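Got some structures for you, see below.
Note that chain A is present in both complexes that follow, paired respectively with chain B and with chain C.
On to the complex of A and B.
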């Protein structure tokens, strides 16, 4: 088996349809959608198409869980013990089991919400962050940045389950949240341990995390106002080892990404 | 009321544990080191394959099993210092060159069309070998002196039985045509030949036979 499996080689059955995240963000139709005045972007039951949007988001969670499973698995295989210590491999194995359960939960929850596998497309951005050549970068890009995003998404979905009267959604998201906080904490702990004597490596890893964080604030997808469909879960992030400064920084990056996303959509629309 | 000070036998009549066992401390440590090595190579392979199998159910099952074998490796790793092996990496090694060659061959399949080959290697060749080696250790070691290894092996064997059964059922569900059956048999034959040459996962004598195997590179 080859080391370092590129994203285009991820194996999927015929139901899955692949797309690129940039194509999704730069879709010229987004401009028309953003021009419509249909109230705040926050996921709320009263908002038009909120059920469809929740289903779409659920499908995104499902494909993200598959990639988180695959990424953790590859980190065990791609590195020897000088690069990824035995205890880190054990943590990655535990994460594999957790992510496998999340895939199971997502499939059942998707069915419950009325969607099916392949109804929406799959972008491989999570797995792409899991292809970094340094395990510390993977831990920052996946465990801290993207699983941090997962905390925000799951918390938003849990709240949506609560306000829309869907106890199954609320129940499932709460369980997945518990695991994700552990995974993010795992990333924070290993970042500290592996870079204790290497400040440059630490800086490279944090830089990679910032890039991923900004990219996946997805033109305003995540933030702290009603204009952001997904909300930054400050309390849970603190439990997962983020400092207040780090959380503030993510909030700023998200705001920046929202402004840049808007400009990109306008530019794509006028081109 | 019975007299609490009346001497009782130290061992209850139903306690049939005996001394000595088949392995001294050194041999027990050597075997445990080989077990840790094979569990590591197995969980790494399962982890690597998750991204390469298109079947969603197989993907999820590999993710779950991968953790089980990592936990086994952790249990063996913790046992080694108790067997006077402070450098746990030293004994975490293949039993011989043939065993290493077997693992290399086991890891080989990569393409998404080769799920049968991947699973046959794990569930029809390696896991039966592990179950055999662990059972031999469990039955042969002194249940008094080596009780901690025995306790770990009992937990591990429970996982092995469950996972082997699940993997075998996956294979039965994937093998539909004469061609697929042929692929499964061919793969099993190739890998069995290598593991026979190695003499089992701890080398010749893995399950008590002491015949030296020619060409195992011991």
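On to the complex of A and C.
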């Protein structure tokens, strides 16, 4: 079986339709929307079209879970035991078990919210963060950045369920959220262990994580203001082992990503 | 003979064909037995994409006045392109609601910009339920149910009302207000009015 599987080779059936971030950035409507005041972007039941926005995000969670499963699975398979110790692979196997369960929960939640598999498109940027050739970078990309994003998204959806009175959504998101906290912690622990005698490798990994965290902020998708649909879950990130400094840094990266996203939209509009 | 008009006459931000939308509206009007002596005016705000889906359907100055975000007609697989199945359903539900306003027991209902989200959810369930019984419309019932529950509550009283509306062919605005009162009794959670993307949009573009 091939090692280092590229995103275009991921197995999907005919229900799934791929999209690229570039298509979304170059959409000519973006600039016009930014000229409108359509209220805070934060996902909340009291916002316009909140049901369809929540359904769309839930489908994104579903495809994200598939990619997290694939990322953890590849880390288990792509490296020999000199590169990735057996105990790390065992943790990745446990994570795969969790992610597979999350995929199933996400499918059920999608059905509950009236969404069909493949109703919305799939972007593979999450999996792309899991394609680094160094397992330490993978841990940073998948367990700390991707799973960290999952904490923020799940917490936002849990709040949405709570405020809207949807007991199923709130309950399911809370359970998945608990798993994500352990996945981030697992990544942080292994990062420390594998780089204990190699500060340069640690710095490379943290640099990679900064890049991925900025990418995952998706031009303002995540942040700490009402302009961000998904909010940084500070308390839960602290439980997962992120320091306050690290969380502050992600908040700054998110703000930077928002500003750069806005500039890209304006540049695309004037081109 | 119904005359269908549309704004904009040419779309510039999305790949919608205005003539095709008008043709679909004319077909749908026949399918839902919309009065042939009432003209239809459609406005599509092409700036607002899916999933920012929203619509309004009023009877103003003797014509059907329909407003949609572009997202309400948009193909979720191929952004900026039209999904004709979705477009048919959106137009069908809106025309049924205007028909309700003309002579279907909703003559005294306020305009869409003035009704509550809960009232709108109840009326949409009534409209979509009828559409499923007309040939040529593919309604995603689970989506409608979820939108409804978000506005009307996740409880047995709300679910029973939904089933009642879905199966009904003769509900009135007075019936709908009576149902709304039952729902509020079952779930008194205050659901504030959502800002209208249409109202804000118009103010911004003027």
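Assorted remarks:
Keep this in mind: the second predicted complex is superposed on the first by the 269 of 271 C-alpha atoms of A that agree within 3 Å, B and C clash if a C-alpha of one lies under 4 Å from a C-alpha of the other, contacts with A are read in each partner's own complex, and residues count from 1 in each chain.
The working rule: a residue touches a chain if its C-beta (ideal position, glycine included) is under 8 Å from a C-beta of that chain, and two chains touch if they have at least 3 such contacts.
The structure presented is a predicted model; accordingly, all values stated were derived computationally and were not measured.
Room for both chain B and chain C is found when the two structures are superposed via chain A, with no clash between them. Touch criterion met: A:165 reaches chain C, while chain B stays clear of it. Shared-chain residue A:55: touches chain C; no touch with chain B.
Of the two partner chains placed around the shared chain by superposition, neither chain B nor chain C is touched by A:21. Within the superposed three-chain model, A:264 lies out of touch with both chain B and chain C [touch as defined at top]. When the shared chain is aligned, chain B comes close enough to touch A:97, but chain C does not.
If you stand at the C-alpha centre of chain A, chain B and chain C are 120 degrees apart, rounded to the nearest 10. Residue contacts after overlaying the shared chain place A:45 against chain C, while chain B stays out of touching range. With both structures placed on the common chain, the touch criterion links A:239 to neither chain B nor chain C. Of the two partner chains placed by the overlay, only chain B lies in contact with A:76; chain C stays clear of it. Of all C-alpha pairs spanning chain B and chain C in the superposed arrangement, the closest lie 19 Å apart. Residues 1-2, 5, 9-13, 66, 69-78, 81, 86, 89-90, 92-94, 96-97, 99-101, 103-104, 117, 127 of chain A are the ones that touch chain B when the two sit in their complex.
Contact residues of chain C toward chain A in the complex are 13-14, 46-54, 69-71, 76-77, 79-80, 140-147, 149-150, 153-154, 187, 189, 191-192, 194-197, 200-201, 204. Taken together, the chain B residues at the contact with chain A in this complex read 40, 43-56, 59-64, 66-67, 69-71, 73-74, 77, 89, 107-110, 112.
On the side of chain A, the complex with chain C involves touching residues 17, 19, 23-24, 27-29, 32-33, 35-39, 45-53, 55-56, 111-116, 119-121, 164-168.
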